[in-house]
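Each of the next two complexes has subunit A plus one other chain: subunit B in the first, subunit C in the second.
What follows is the complex of A and B.
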């Protein structure tokens, strides 16, 4: 249906207001909310994510697309709840203790949501205990850790240890990302997945949740 | 040879007696760490900044020849700045603080990294016209003319000095935040964003012009941007070209008129996709080329632009936290890079906490042994 394409295309261009108008038109025309979500909003975010990963769009395009996605998703939320539509999984996400950087973390959040994953954003400067406590209390299948500083990346290892101590290591997957970390560091601390960018993080998260 | 001559010659593909040991300063925490370890006098740890007297004393203790970031300029940001004030104090000690750019940041006690941006004021044309445009105008009081009139006789003859040209997009990114900049460009008011860039650029051009008209002589001119990160630019290269290219050209043309042919630019992150705009508009020297944390490289730019592009930096500073073997490997790599000509090795950012004092001394000593 062309209106779904229009939603996807306007989302990719970051036109939040137009996206909301189109969603209303689609709802009025009897389109199912889950179809609008998957073939309109998530389709648009998937395309933006893929382009970001291949380096043909940049951070600003992702930010405006994500804003359109969030506003559209908020509009659809009551309809989706009424229809009993559920997310594909739940993740808690944050920048680790001692680190206040949040651009990368926010990009990952937007990309995860663009894959239909529910995200609990713990913000910045998050203590290892908070990640573990949230994962237990909110039944998260993923813990996503971000760091920009070489001085704070070590906290990621502490989160892995705390997860082991709390006996939840086999119930959650731990993903890491950020400027100073890499695959070798991921293996060294015993985390599950390292991804080099936000779009790859979303792909990896979806793969983990749907495996 | 003086360090000024060495720097000039290296950046003009001319011979030198030896490589200068060049650095880019320190994170304050590192100096405190070294003072705690008894490596440096305590009084050198505080108030030690680019070009300070304390820095020169420390240079001698370590064995450095110079910090490249010895630049002087005008008050070329918002003037007057917004009042820095605490807006709100949260129960966990976090403060919401308005900074000089009008951006609301979250500052947490005990954390010295960049604060987290919470909100910003420059969201629409009304805010621009009323609050920002007046602060972006050129005024004579932005430039200390007396200082620059006597600059040539007062400068240290051993060192190269740069004229600070400000930034084309970096400050505006700080004023609007990355998010705000993105919303304006792609959704809300692209014309307004272009007006902001143009207004700010004209003020910075006038500042540079006023300084150069005093007769002050500079070895290089220098931009600051910091508009890239691990995965490349924070803006699309096409948009960057469209918004910014003409402003680099105008300022570098001005420098050329006054005989300055080295124009460097400080941008962290992976810069490769923005290098064409810079090089084609007169910015010819990339700095600090962050190979360590961000994985940037100098060679692609040299392959593409040949001798039109120069480099200062490119030394993986993280080696200075490791061991002698890691430093030796860096020296070997940097020797190859230096042999290309037009390249001066320098740690690829401020030396960070955990850098070993003796290793830094060792690096400074060994780098001087490179011969071109």
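What follows is the complex of A and C.
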């Protein structure tokens, strides 16, 4: 249906207001909320994510598209709840202790949400214990760690250790990313997945949650 | 050869007689690094400008011109906005673009004139650029939205900025002629530029076109300071007359040798992978070997590709400085 296409395209251009109007039209026309979500909003966000990964759109474009997605998703939320639609999983995400860089982390959050994953954002400068405690209390299947400094990337290793100590290591997957981090470091500290960008992070998270 | 003339030579794509300059361009040291080094024997009473010569580096002076006064409101959280819209911008205007603060700083520059004339040190200055400055006003994230949400405000800020900077430049050139200058921007990251070329052209190009020609007329080399992988941006920068880039961050994927192939006439400062300094002497030597062929081609001052990190022990830093000079000599041998 072309209205879903219009939603996707306007989302890609960051037109939040238009997206919301179109969602209302789609609902009025009897379209299912989960179809609007997946074939309108998430479809648009997927396309933006892929373009971001290949370097044809940039950070501001992702931000305005994600804003349109979030506003649209908020509008759909009561309908989705009513219809009993659940997210595909839950993640907690944060920038590790000592580190205040958060642009990348925020993009990861948006992209994960764009895959229908629920994300608990713990912010920046987050202590290892907080990740573990949140994962336990909120029943997260994923812990996502961001670090931009060589002096803070070591904290990621501590989170892995703390997850083992808390006995939840086999219940959560740990994903890491940020400028100084790479695949070798991921293996070294025993985390599960590293990706170089937010769109790949979302693909990997979805794969982990639906495996 | 004097410190100043070595730098001048490289900036003109000539080879110094004895060796390349040995500088840490990020002359505002990472505070944590200095704290660590003090524990390892760096005298605590060294003045800010005395650290480099103490460590065996060539003296140079950087002036980062103040763009706001001391009473300017601070962001409520790290990276947060101090003005989110036009009305709030107008409220803080009295605290922005402080001529008086610049004048006080230029007093210090005046005191350096004799030494500069004698060649004891190069002098350079830094300006907040058209990406960086609005970011400090609008807040890190809002700034990225503002290209879409408030393009008029963005343009207004850059007009005010250019006007302010042109005024200050006139004062600088009445004192002395700095060898080079940088626009602080940080508009790229590990995966390349943060903004598109269209966005660059729409917002930043008009700003640069106002400020850059004036600086170049005076013979100061115009360099952009942007972390991350700048490679894809170099052609955009060249279009506005920018002549070089620092720090060419290795970990972000910058390949300085490949860049040199494509841009034989662009100035480079930095490119030495700071990550090797956390590893070992051998890793640093390997890194210098990687850079040596590019050093030999000229127009390149090798230097750490950002502030030296706190996990580089002082002893290893001494070795680094010795190697920097060793390879700086090798680069000029024919």
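What we mean here is this: the second predicted complex is superposed on the first by the 211 of 211 C-alpha atoms of A that agree within 3 Å, B and C clash if a C-alpha of one lies under 4 Å from a C-alpha of the other, contacts with A are read in each partner's own complex, and residues count from 1 in each chain.
Here is the rule we go by: a contact is a pair of C-beta atoms (placed from the backbone, for glycine too) under 8 Å apart; a residue touches a chain by one contact, two chains touch by 3 or more.
Predicted model only: the values in this text are computed from it and were never measured.
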Exercise for the section: Please tell me, clash or fit, for subunit B and subunit C sharing subunit A in the overlay. Expected result: clash
Exercise for the section: Return first, second, both or neither, reflecting whether A:99 touches subunit B, subunit C, both chains, or no partner chain. Expected result: first
Practice task
Check the residue A:180 against both partner chains and state whether it touches subunit B (first), subunit C (second), both, or neither.
Solution key: both
Exercise for the section: Considering only touches as defined above, state whether A:89 meets subunit B (first), subunit C (second), both or neither. Expected result: neither
Exercise for the section: Considering only touches as defined above, state whether A:116 meets subunit B (first), subunit C (second), both or neither. Expected result: neither
Completion exercise
Of subunit B and subunit C, the partner touching more residues of subunit A is B
Problem - Touched partner set for A:60, first subunit B, second subunit C, both or neither - result: both
Practice task
Would you check which partner chain A:128 touches, where first means subunit B only, second means subunit C only, and both and neither mean what they say?
Solution key: neither
Handout entry: Residues of subunit A contacting subunit B in one complex and subunit C in the other
Key = 14, 55, 57-61, 63-64, 67, 100, 102-104, 124, 150-151, 179-180, 196-197
Problem - Residues of subunit B touching subunit A in the complex - result: 106, 108, 111, 113-117, 178-179, 181-183, 185-187, 229-236, 239, 293-294, 318, 352-354
Completion exercise
subunit A residues touching subunit C in their complex are 14, 55, 57-61, 63-64, 67, 100, 102-104, 106, 124, 150-151, 179-180, 196-197
Exercise for the section: State the interface residues of subunit C toward subunit A in the complex, per the touch definition above. Expected result: 32, 78-79, 140-141, 144-145, 147-148, 189-196, 199, 228, 232, 251-252, 274-275, 278, 309-311
Exercise for the section: Note which residues of subunit A are touching subunit B in the complex, please. Expected result: 13-16, 55, 57-61, 63-64, 67, 98-104, 124-125, 148-152, 178-180, 196-197
